[in-house]
Each structure stands twice: as structure tokens, then as C-alpha cells.
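After the C-alpha cells below, expect a handful of questions from me.
We call the chains A, B and C, going by the order they appear; numbering starts again at 1 in every chain.
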Amino acid sequence: MLWYKAWLETRSRFLTSLATLTIFCAVFVHHAQGLLRPEWTTDFNRLLFVTQQFVVIMWILAVVLLGMGGIVREKALGTSSLTLSLPVSRAHLLGIRIGMGVLETITLGVVPWATIFLVSSLGRMPILITQVEFYVLLLVGGGSVYFAMSILVSSLVEGEYTAPAVAFGLALLAAMLFDAWLRPYNVWRLVTGDYYVDRKTHLLSGHFPWFGTLAFMCAAGLMFLVSIKVIQRREF
Amino acid sequence: MFFKLTPTTGQPLYLQLMQQIRHATETGALQDGNQLPGIRTLAEELVVSPNTVAKAYSELEHDGVLELRQGSGAFVCVKRRTRSLADHVQVARRRLRDLIEGLREEGLLDEEIKRAFEAELLYPAEIVRKR
Amino acid sequence: MTYMPVIQTRDLTKSYGCVAAVRALNLSVGPNRITAFLGQNGAGKSTTIKMLLGMIRPSCGEGTVLGKLITNAKENREMRRTVAYVAENKPLYGYMTVEQTIRFASSFYSDWRTDVARRLLNEYKLPPQRKVASLSKGMRTKLALLLAFARRPELLILDEPSEGLDPVGIEHLLQTLVAESAEGVAIFFSSHQIAEVERVADHVCILDKGCLMVDASLDQLRQCYRRIDLVFPFPPDEREFRITGVERVRTKGHQMSVFASGNAEAVVERARDLDAISVEVAPVGLRDIFLETVKEN
């Protein structure tokens, strides 16, 4: 029943974020596309690109918050003695939290874009399923590092407000540093589609960057492993 | 059966229980063939460790006061010998009654008499014999 | 019946910097017994228990619980399947309801007894649909204890179980402990309630500043510890009473009070030899044994 516990712990954060993201996307796209004619494909594609910028910000906010909690936070709350006395390994405990989080972050990427697809199709706008898939995969695949970073921070920092502050701070810092020195490897620019958008058609073009996305997912995986090691060594 | 165990008197609880069971057989509160509660039941009733009850029962069985039957419980078996012991106790109590009355007349308070008795009882028997 | 201790430690030590919370602890807790673990706040009781359950790593030394090494994560996890533990702060998840909590806990243990859980739920009058966060302290304590008592573990470890309970609750707790012990569950509990410990415990371990000061059966303590109050015709010399078994001697004018953990006869003899006017030997309750033991340090 550890999945159930993980669900109960993240339920309100998840559902609130899902509702906010989905409603925002539906309303924003519906309103904006109402000002366009179906023939204006470039403008419509630019609308989708702009929407993704907003989605990225909200999605990152949501997944960082979803990564918070865990046994370290439970220590401050006083329930770690109960969780740690269960006959399950610490790796198992964190693994389930990660698993639930990954499912939730994927859902938070898929549902809003599915809604956009629905709203645009109903509005007879020239939305392409391939573009939607592109945006979703970039977000959920490349963006997995943000969730992983949040999990790592929550395994190191105990405070209820300190932990998310550190996580957001790191995300911002990383974006700025990468942009300054390692611009081609900035995950922010990957998830927003900045690297792949055609400046003339505003379509995400070319082959899907499997290598880049997988590389970031590996980085996320590494951070998960480090988090597990940290938790295993920590004293409660 | 009403037993009362006092943890603070310096006497192991199982000894207190043994004494009280013995006393009950002497006064007739427990008769030959009566069944005592099971170890767990009595332990829960008195709120003491089951080991205390188990030890008391086991020692009393060794002394012949109880018979422990596997599965059924503990049964009292008062022999003729212990009935004369009851008479001894009756006589002793009458003597004690007179002694206590005498001490009260001399002006000693009940508390003082009680403490004096306790102190004398705790005196190890060897020291008394040496005197 | 072979005696295998349910808990055994060898020189178990935990230091935080240069402060030792637990010092070379050699504990041996027997099966089929109720063992009480006494000590002041900060004496190292909770630290010891946490080391046994794998939440804290010992600085040195080792230990086993039910024969499994506490420092081996896999063995420790296996051991936790048959050990029920209730921490001092009675931890519960505030966002779960009473019923969800019980269902959650029961899913981890094969020794869970549903009928007992149902009975205790009724006895403790816990509202099944109420969220734990909105329960009173007493109810939370009872629920935390229920999660342990509804199981049939080999070992029950309780840290200050009666804290948060009213006298009726405490009585019920002690009866439950006694019932569990009668079923063969080994019980190891720490408590500040000395009166309760005196009633139900078979064995007592007193920890002070990380060291095990007393490790004896209660029967032994009751038979051996004595306080001997003496009055002399002259102010007595304390040095005359440096006899084996004497723990503490206090003099005030012509009076002397000797606290002995054994060998009271020798004290009485020495007093007689020194022409004591009055010799009174009195039993010592567990509270006084505890206070004298920790004060001495």
C-alpha cells in the first residue's frame, strides 16, 4: 500500500496542478485561436509555441512541488519512525515515491496538450498530432531532470519551505549558467522547443531529438540513484 | 479470588502471591479441588507479569499445595497436614492480637508497630540466630 | 528450552562528535519476558532502540535482534517483519483516516490479526472515518498502540507507551502487555512510569548517560536492595561502611542512612559491632533504586 500512501501524499498537489494547467491551456488556446483564421497556419503554430512556454513554466513549478516530501520531510513531521520501521527497504520507499511522481509528471504533460489538441480540433484549427507529440515528449522526457532534481533536493534538505526554494533556485541557476556557458545543452531551451522551432513556420521541425532527450533522462536517472544512496546513508 | 500484590514491599511478587494463595487455603476461602484461574487470566486480572503467576503456581505445585493439570489449569489440593497448619496460624494470630494490644496500650502508634514488624521480618535469619 | 536472547548487543556505541549517547552497551534481553528500560531523558534509550531498528548506525559495536544483525540492512528488514515498534511520539500519518491507517499497516505484516484489530477499534472507541490529524492526543496514542497490538510479533518494542494515556488507558495498556506476554511475545519497553514498571516487568535495565547501570530481574532487586537506617551514640565514620554492596552512605549528626544493592547483613553486623542504638532495615522501591543509581553518576 505504499503506492496508495504516495498517492495520498501527492494527490492534492497533483490534482490542483492538473486542473490549473488543463484549464489554462483550454481557455488560453480557445481565446487566442478565436482571434485567428484557420488559414493563418504560421500564426497558429506560433500560438502553440507560446502556449508551450507557459506550459513549461507551470509544469516545472508543479513537478518540483511534486518531488517534495519523502522520509527526510517525515523526520521533521515526526512520522519517519513509523515509515522506517516498516519491513521495506529505503530504496523501495523512495522508488515508489519516484514512480508515482513520474506517472504524475507524465500525466501533467499529456493531459493539457491533449486538451489543446481537442480544443483546436473543435475550432477547426490546423493542429498536427505530430507537433503535439513533439511538444509533449520534449517536456516530459527532457523535463524529467527537473523532477529528479527536486527528488534529490528533498532527500538532502529538511525544511518545508527551504527545500522547494533551493530546488527552484537551482533550476533558475542552472538555466542561467547553461545559457551563459553551455548554451547548446540548456535543458530549458530543449523543453520549450527553442532549439527546434523553425523561425519562419514556427513548427517544430526536423527529427525528434532522441539522443538529447535520452541523455537528459539518463541524467535524471542518475540523480534518482544518487538520491537513493543519500537516503540509504542518512540517519534518522 | 481477591489477591492484592504490592510491588514496593521488598518481597518478590510471586512470593506474595504464593503466601496469599496459601492463606486462602488455610482460611478455607479456597477448598480442596477448587480451580484457580489460568496463568494468563490471573495475570491480566492482577495486572502482573504472567511469569510471576507461573512461578507462584509452579512453586506451590512443588510444595504440594496446587496440582497443575495440563490443559485444565491449577487445582487446590489441601492435605490433612496443611489443615493443622491453619490451626497454627490461628493460634499465632491470637498471640499477635494480644501483643499488638499490649504495644498500643504502651502508647505505640499502629504505623510504628507496623514498621517495627517489617524491620524485624527483614532481619536475615542468620543474624538473629547469631544473637 | 534453549535461551536465545531476543535482543543482544556487544559494546554498542553511538557518539555524536565527542559526546557518547550510548557507551559500550552490553544488553541481553530474554524471550518470554517483560523487560523494562529505564533512564532519564537523554540517557540514550531512544538512540539504542533506533540503532536496533536500523534507523541509526552504531559508531562501533554490534547487536542482533531475533538473531539478525542490526547493521545488515537486509537482515534488519527481515527482522522488522516480526518486530512491532511504537516510537515515543506515536507517529501516524495525519492525512489518513483511522480506517486507512489500519488497512495500510495491516498490508505489511503477515502476523496481523483482523479480529483483534476490530476488537481494539471498538474498545478504544476510535472513529474509523475520522482523519488522524483531527484526533485527540489520547486517541492517537491508542491508534498507534493498536497498530502494534493487532499483530502477533515475536518482539514488541515500545518507547514510553503510557505517555498520553489517562489512568484507565494505562491500566488497559498494562493488561494488554500482560496478555501479549502470556502469548509468548517478548516485550521491551521504556518508561518513566516507575509504578507501572514495578507491577508488570520481570526484568529491569537502567541506562544512565549511555551506560547500563543496572541489569537485573525485579525479584532480585526486591530481595537484595535495602535501605538501612542507623542511629549511633556518636557521629559515625562513613569509611567504616565501605563494604561490598554498599552504594551510598549518608550521615547527618548521629544518624546514618546506608543504601545497599546487596549484602545488607554485613552492614547490620558492622553497625552492631559499632554499638548502633537503632538499626532499621527497609525495602527499597524501584523509584528509589532508579534515583540513587542515576544520582550516583
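Methods note: contacts are C-beta pairs under 8 Å (C-beta built on N, C-alpha and C of every residue); 3 or more make two chains touch, one makes a residue touch a chain.
Since we're looking at a predicted model, the values are computed, not measured.
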item: Which of B-C and A-C has more C-beta pairs touching across its chains; value: B-C
item: Chain occupying the most central position, where position means C-alpha average; value: C
item: Between chain B and chain A, distance of the C-alpha-averaged centres to the nearest whole Å; value: 76
item: Centre-of-Cα separation between chain C and chain B, whole angstrom; value: 29
item: Gap in Å, rounded to a whole number, between the CA centres of chain C and chain A; value: 49
item: Chain A - residues contacting chain C, complex; value: 1, 4-5, 8-9, 77-89, 232, 235-236
item: Touch list for chain C against partner chain A, complex; value: 50, 53-57, 73-74, 77-78, 80-81, 85, 87, 89, 91-96, 100, 103-104, 107-109
item: Contact set on chain B toward chain C in their complex; value: 5, 7-14, 39-40, 43-44, 47-52, 115, 118-119, 122-124, 126-127
item: Contact footprint of chain B on chain C as seen in their complex; value: 32-34, 171, 174-175, 178-179, 181-183, 195, 198-202, 218-219, 222-223, 225-226, 264-265, 268-269, 279-286
